[in-house]
Amino acid sequence: MNELMSQAIDLMIVGMGFVFAFLIILVFATGLMSRIITRYSPPEPATPARSPRARPKAPASVDADTAEAIKKAIAQYRTRHKK
Amino acid sequence: MNELMSQAIDLMIVGMGFVFAFLIILVFATGLMSRIITRYSPPEPATPARSPRARPKAPASVDADTAEAIKKAIAQYRTRHKK
Amino acid sequence: MNELMSQAIDLMIVGMGFVFAFLIILVFATGLMSRIITRYSPPEPATPARSPRARPKAPASVDADTAEAIKKAIAQYRTRHKK
Amino acid sequence: MEKLITLWTGSGLFNLSAGQFVMICVGLLLLFLAIRKGFEPLLLVPIGFGGILANIPEAGLALSAAENAIHFGKPDVLAALSAVLDVSYQAGQAVTPDLLEAFKHAYKEASYDVVQQASVVAQTYGYTNGMLYNFYTVAIASGAAPLIIFMGVGSMTDFGPLLANPKTLLLGAAAQFGIFGTVLGAALLDWSGTMDFTILEAAAVGIIGGADGPTSIYVSSILAPHLLGAIAVAAYSYMALVPMIQPPIMKALTSEKERSIKMSQLRPVSKKERIAFPIVVLIATALFLPDAAPLLGMFCFGNLMRECGVVERLSDTSQNALINIVTIFLGLSVGSKLSADKFLDLQTLGILVLGMAAFCVGTACGVLMAKLMNAFTKEKINPLIGSAGVSAVPMAARVSNKVGLDANPHNFLLMHAMGPNVAGVIGSAVAAGVMIKLLG
Amino acid sequence: MEKLITLWTGSGLFNLSAGQFVMICVGLLLLFLAIRKGFEPLLLVPIGFGGILANIPEAGLALSAAENAIHFGKPDVLAALSAVLDVSYQAGQAVTPDLLEAFKHAYKEASYDVVQQASVVAQTYGYTNGMLYNFYTVAIASGAAPLIIFMGVGSMTDFGPLLANPKTLLLGAAAQFGIFGTVLGAALLDWSGTMDFTILEAAAVGIIGGADGPTSIYVSSILAPHLLGAIAVAAYSYMALVPMIQPPIMKALTSEKERSIKMSQLRPVSKKERIAFPIVVLIATALFLPDAAPLLGMFCFGNLMRECGVVERLSDTSQNALINIVTIFLGLSVGSKLSADKFLDLQTLGILVLGMAAFCVGTACGVLMAKLMNAFTKEKINPLIGSAGVSAVPMAARVSNKVGLDANPHNFLLMHAMGPNVAGVIGSAVAAGVMIKLLG
Amino acid sequence: MEKLITLWTGSGLFNLSAGQFVMICVGLLLLFLAIRKGFEPLLLVPIGFGGILANIPEAGLALSAAENAIHFGKPDVLAALSAVLDVSYQAGQAVTPDLLEAFKHAYKEASYDVVQQASVVAQTYGYTNGMLYNFYTVAIASGAAPLIIFMGVGSMTDFGPLLANPKTLLLGAAAQFGIFGTVLGAALLDWSGTMDFTILEAAAVGIIGGADGPTSIYVSSILAPHLLGAIAVAAYSYMALVPMIQPPIMKALTSEKERSIKMSQLRPVSKKERIAFPIVVLIATALFLPDAAPLLGMFCFGNLMRECGVVERLSDTSQNALINIVTIFLGLSVGSKLSADKFLDLQTLGILVLGMAAFCVGTACGVLMAKLMNAFTKEKINPLIGSAGVSAVPMAARVSNKVGLDANPHNFLLMHAMGPNVAGVIGSAVAAGVMIKLLG
């Protein structure tokens, strides 16, 4: 086994060890953080988990009048179909 | 009184003097500019003083068809309510 | 005739010659490209020549509900006018 | 095993100094103030985060290649640097903390050409500038970022209220007393032996009283870069505290009757006047104070783009994408100056105290100037709009409006206060120019 | 008192030279043309403003650190610079205007390495590069800004009309005669002894005839940077004047009947052809004229981003935020070259005259080429679209359309003229490549 | 005539080498994959185009001024360079290909200070850096572009699913085995004598297994810049191929029953937790792995801007205008490393093979880790979400969802897979930090 091999094996052991150590610490730190926040803060209206890397669409910008007209149109439509 | 004190006093006198001198010049220059512009130009529809650091919202962009449909819906709604 | 003149004449002959040569090559290359693409690809719905340096407007973003309501309003309106 | 030791001796926990720990806490505090208390978050979030990054042990994000090379102190690198920095060291000699201190000190005092040479030596040995150091060089040391932000502010500023009532420029002038008064205050502190300031440092601290972020950063990057972190933090913090700092002073200096003065509605201002104004300011700057040309020039350029009506695209970009991009890097760069050895110093305390005094003095002088003007003119102005002369746009104008409404619920001073408010921006840029001219 | 004198002797009014005064007026004129007359405002507003900034006395915004050091002429700094610049001067010797002239001249003629050394010396003594000088270095001297703008233009260009009728590329070729004809004109002026030009200067002036801003700036920054200001101003001004320059020439060279020729509707162009075209142009460039690769490469890259349909985000950014940001700094940087000693010169007059001639010759050659093509082909083209070959997108195409409508109110030539119009952009980039190859 | 010869001998056709021809074809292939097959087009369109530009003969777009000077091989320039680069050459001596090779080799091996000196010499003789070389220097060599993109990615990332189930961080850890396994694989190839790798090269190749573009580019720019082109191309290509690479491995390692495991709905996560998380990660980084601070710091900064809710402007800009601008230049810069002499090498083949292996190993380890966790915990997780731990956001999570739906059409795993998916980003940044610490 040449030097590169032993270096690579070393790197793998230390590297994976460290990655796991770091992320395990993070699991506990995150859990602790969540618990502290949940305990010491007033319950707030929580946002449900969003789909990542996608921002919520901007709200359809329709002015008040339009919205009103549309609501009426919908209401009208429903009323008619009930008949 | 040490040197720094005398430097600071100097700086204050010269500095405030200059700031006032400059802004007084600006008061006159601005007044002159406004008078010249008002005299030598045709009266134009002046814009009222806007709220600073805030730009007007972009107009709601609804395409022609939608607008047409909405107008009809509103007209319809109004007609009905008159009845 | 001084040296600058002869340089300028040289530059003009070589330059214009090259510009024409290059663009004539491009005429043929473009024609060839268009023919190859037209022959070897399935006919696709071609876009008509657009006005340059102007991008099409973004489609009006109206959410599904609104669109539905508007469709109904239009349908309703048409139905009435038929009567 | 050896590699595990490398990881451990290179970890933050192993190397964390007390100073770095405190500074990370300061960074967290700034984030808290920005996010929970709404203290100028656009700047204090990047500054606070940058401050934390700058204090991560061993990462050297805020250090130049040469500083990193000295920090790691390998004998052969030090030997190469010793020739450049004129520190006596020979390869093989023991590397003691004192020796490293000597190198650091020599680097700090080195002239431009020596710094350049040290940088080449360090990079030849494979060291690199930290990320934040690069950001600082490009954004602040070059002077570019504060000027570009000032351009963006210009393109967001409406001079209409000022043009309708140009006299209010004087209120913006008076409030700059806060700047020069603070310089005097720093001199007093130095005289009394409480803490040491040079005239350059005193001037840089004074500019906090200008209540204008980019101006403060621009001036301190020229006069006293080592104080830039503390000055920027103080400037933005106090700007956020304006609604708490100003009202008591305003009330103490005015009577109920003065606070109730109603001002006549502002005249409409024509488009041509709006276009001509930035050019008038530019020419006045060119004729009387060339040293204010970078600041006021970019400010007027931004405003001209806004008002001329033919370069909407450029104006939009300068007040959105461009200013946002520059703000991110400006903030991180300012944060890079929040290192323990520069911030955890008695001077920082002085800066915080003097900065607060500067705001108070500026507010008071603005109000008093308004009262003085009323003694000479027929058409009275409400002295409450004088406090808006410190700038802190648009916060100070809103404070004037609010205090005015307390006295008379039908008296809306907002538009009237916008005049002195933007005048304060011009005033502090002029004061900055004077200080750069006389001291720079 | 001494400080007041410092302020006064450092003020613009005290130091304003006649040349600077004239150049500030030129800057104001450019702003007037841009804002009131609508002359290419996106460029001429920043250029005009930059021109004013560059001529503010004592501010040195357009000067390098070394030029600023020479300007202020302190004996010890000059002594340090004299060794680098090889000017005979000893510390203590009197500083005369002649001496400063000698330093300035030596700096201007210095090679790259000497300029670098002078810069280090000046910065060691505390002088800094002016703001506009920094902008120029980053934006134009590096070549980046014109290329990035060209990329943006590429992503705003629709090659559809050209692809539908590739023959119109020849019209874009013919119009480039304006470029080379102008080089000849400059040589004639030089020969007649009216004014002096080198071949590099003549070529840089000729590129005005390309009627393409970024190409003009790119070429002149390589061949004759000292003329860049005048060339850019001429190029953008004449592009704005196209609706006045072209119609008389077009009418003089065509008969009423020719102007009324109706052209058949353009065939639809498939998405695949649009995607393939920039790649075809790129490969042709790679094979035949590598020196045009920066310009045409970035142009094709922009166009490929536009047409490929899978990188909408990048295409949008390159035609909005990015091009706007770069335009601001490009304009200010061009303005930095509007300094009195470079602009107020007989050559500038020559540039203005020759630039106008270039547009006229290009227009005429485009029209004549169209007539020549009609002599050989069955399907006639309206010779009015030939004038669009000078580029000046989309102004020249609109002119073709308008003159065509005058002759026949039902004849819409706009789309047909867009082909030669964008061909003109390619043509002038090719001409630029040839000139850089042969002279650069 | 002489000028015609200049044009011809300077044309691409005359100078095209076989290697350049092949690389231009590779560039076209990348464009084809990006545009027609949808392979990560945002990066591969600029990379492919940059690759073509870099291989245009004689244009030297990807070369430094010194490399261009050597390429053109004028005797006086070589004589000046010979002193700096320590190559034996005297003015007048014949310029042979071997001699130019010697110069090129000396430049490649030169230390930082020598490279700087050679650059000054070349620029003194009028040579300039190629456009792509400048882009590479500013964007990648400085480390800025990958970090800014990482900031943008941070501001587009939602840690909600991860916070709801922090255990999934372990899946992100396990998948990094792909990185270190690949390093071992490269060592094996070297041991077997198939191809040569140094440990730095092996580590840079391994990072492909991180399935994260900016991390790969950042690490390889530090450890093995000459392999950057091949590594970036492999990383982005395999990320695009994730939907083909992963499913067979996932199915082979799981039973139908395991694939059908339904997971309980994720708990809602409060805004405060979202704000605190990036700060927790930052502090953990500061304490345990300062070398990951640039990557994780910028990532957390972007995420904090997103979640804190008070800097919407900055967050929007960092995920739109800023990231798009940087992506364009990052892509072109990566393309500049696709030159024939670096890419057409046996090592590239090794990189492609090992990169593929890295993805497979990472996928497998993620799945196996999930199964292992199920052996110890009560609440079972669906092992299919383990494969998402390689990152390749959000492609890998979608693959988990799709394979899950194949097994049980009512089982939506997307949200559950997002946890390990973003954990994979953190995991590979940590792995990058470890490698930089131990080898950089």
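Labels A, B, C, D, E and F are assigned to the chains in the order they are written; within every chain, residues are numbered from 1.
Just so we're on the same page, a contact is a pair of C-beta atoms (placed from the backbone, for glycine too) under 8 Å apart; a residue touches a chain by one contact, two chains touch by 3 or more.
Everything quoted here is computed from the prediction, not taken from an experiment.
Engineer: Please find the path from chain C to chain E through touching chains that uses the fewest steps, and give that number.
Structural biologist: 1
Engineer: Could the interface between the copies chain D and chain E be described as same, meaning over half of its residue numbers are common to both, or is it different?
Structural biologist: Here the answer is different, because the shared fraction of interface numbers falls below one half.
Engineer: Please tell me whether B-D or B-E has the greater number of C-beta pairs in contact.
Structural biologist: If we tally the C-beta pairs in contact for B-D and B-E, the bigger total goes to B-D.
Engineer: What chain is the most remote from chain C, judged by the mean position of CA atoms in each chain?
Structural biologist: When every chain centre is compared against chain C, the largest gap points to D.
Engineer: Name the chain whose C-alpha centroid is most distant from the C-alpha centroid of chain F.
Structural biologist: B
Engineer: Can you give the whole-Å distance between the Cα centres of chain B and chain F?
Structural biologist: Computed from C-alpha means, the inter-chain centre distance equals 48 Å.
Engineer: I'd like the Å distance between the centres of chain A and chain C, where a centre is the mean of that chain's Cα atoms.
Structural biologist: 41
Engineer: For chain D and chain E, let me know how many angstrom lie between their CA-based centres, rounded off.
Structural biologist: 37
Engineer: Residues touching two or more other chains, restricted to chain B: which are they?
Structural biologist: Within chain B, residues 11, 14, 18, 62, 70, 73, 76 contact more than one other chain.
Engineer: Multi-chain contacts in chain D: which residues touch at least two other chains?
Structural biologist: Residue numbers touching two or more other chains: 3, 7, 288-289, 321, 434, 438.
Engineer: Along chain E, where are the residues that touch chain B in the complex?
Structural biologist: It comes out as residues 3-4, 7.
Engineer: With touch defined as at the start, can you tell me which chain E residues reach chain F in the complex?
Structural biologist: Touch residues, chain E against chain F: 111-113, 116, 142-144, 147, 151, 275, 279, 282-283, 285-291, 293-294, 297-298, 301, 304-305, 308-311, 313-314, 316-318, 321-322, 434, 437-438.
Engineer: Write out the stretch or stretches of chain D touching chain B in their complex.
Structural biologist: Going by the criterion above, the answer is residues 156-158, 160-164, 166-167, 169-170, 172-174, 176-177, 179-181, 183-184, 186-188, 190-191, 197-199, 202-203, 266, 268-274, 276-277, 280-281, 284, 288-289, 319, 393-394, 414-415, 418, 421-423, 426-427, 430-431, 434-435, 438-439.
Engineer: Given the complex with chain D, which residues does chain B contribute to the contact?
Structural biologist: 1-2, 4-5, 7-9, 11-12, 14-16, 18-27, 29-31, 33-34, 37-38, 41, 44, 46-53, 55
Engineer: Applying the document's contact rule, which stretches of chain F touch chain E when the two form their complex?
Structural biologist: 3, 6-7, 10-13, 15-16, 24, 28, 31, 34-35, 38, 41-42, 45-46, 49, 52-53, 55-59, 61, 120-121, 123-124, 128, 131, 134, 320-321, 324-325, 327-328, 332
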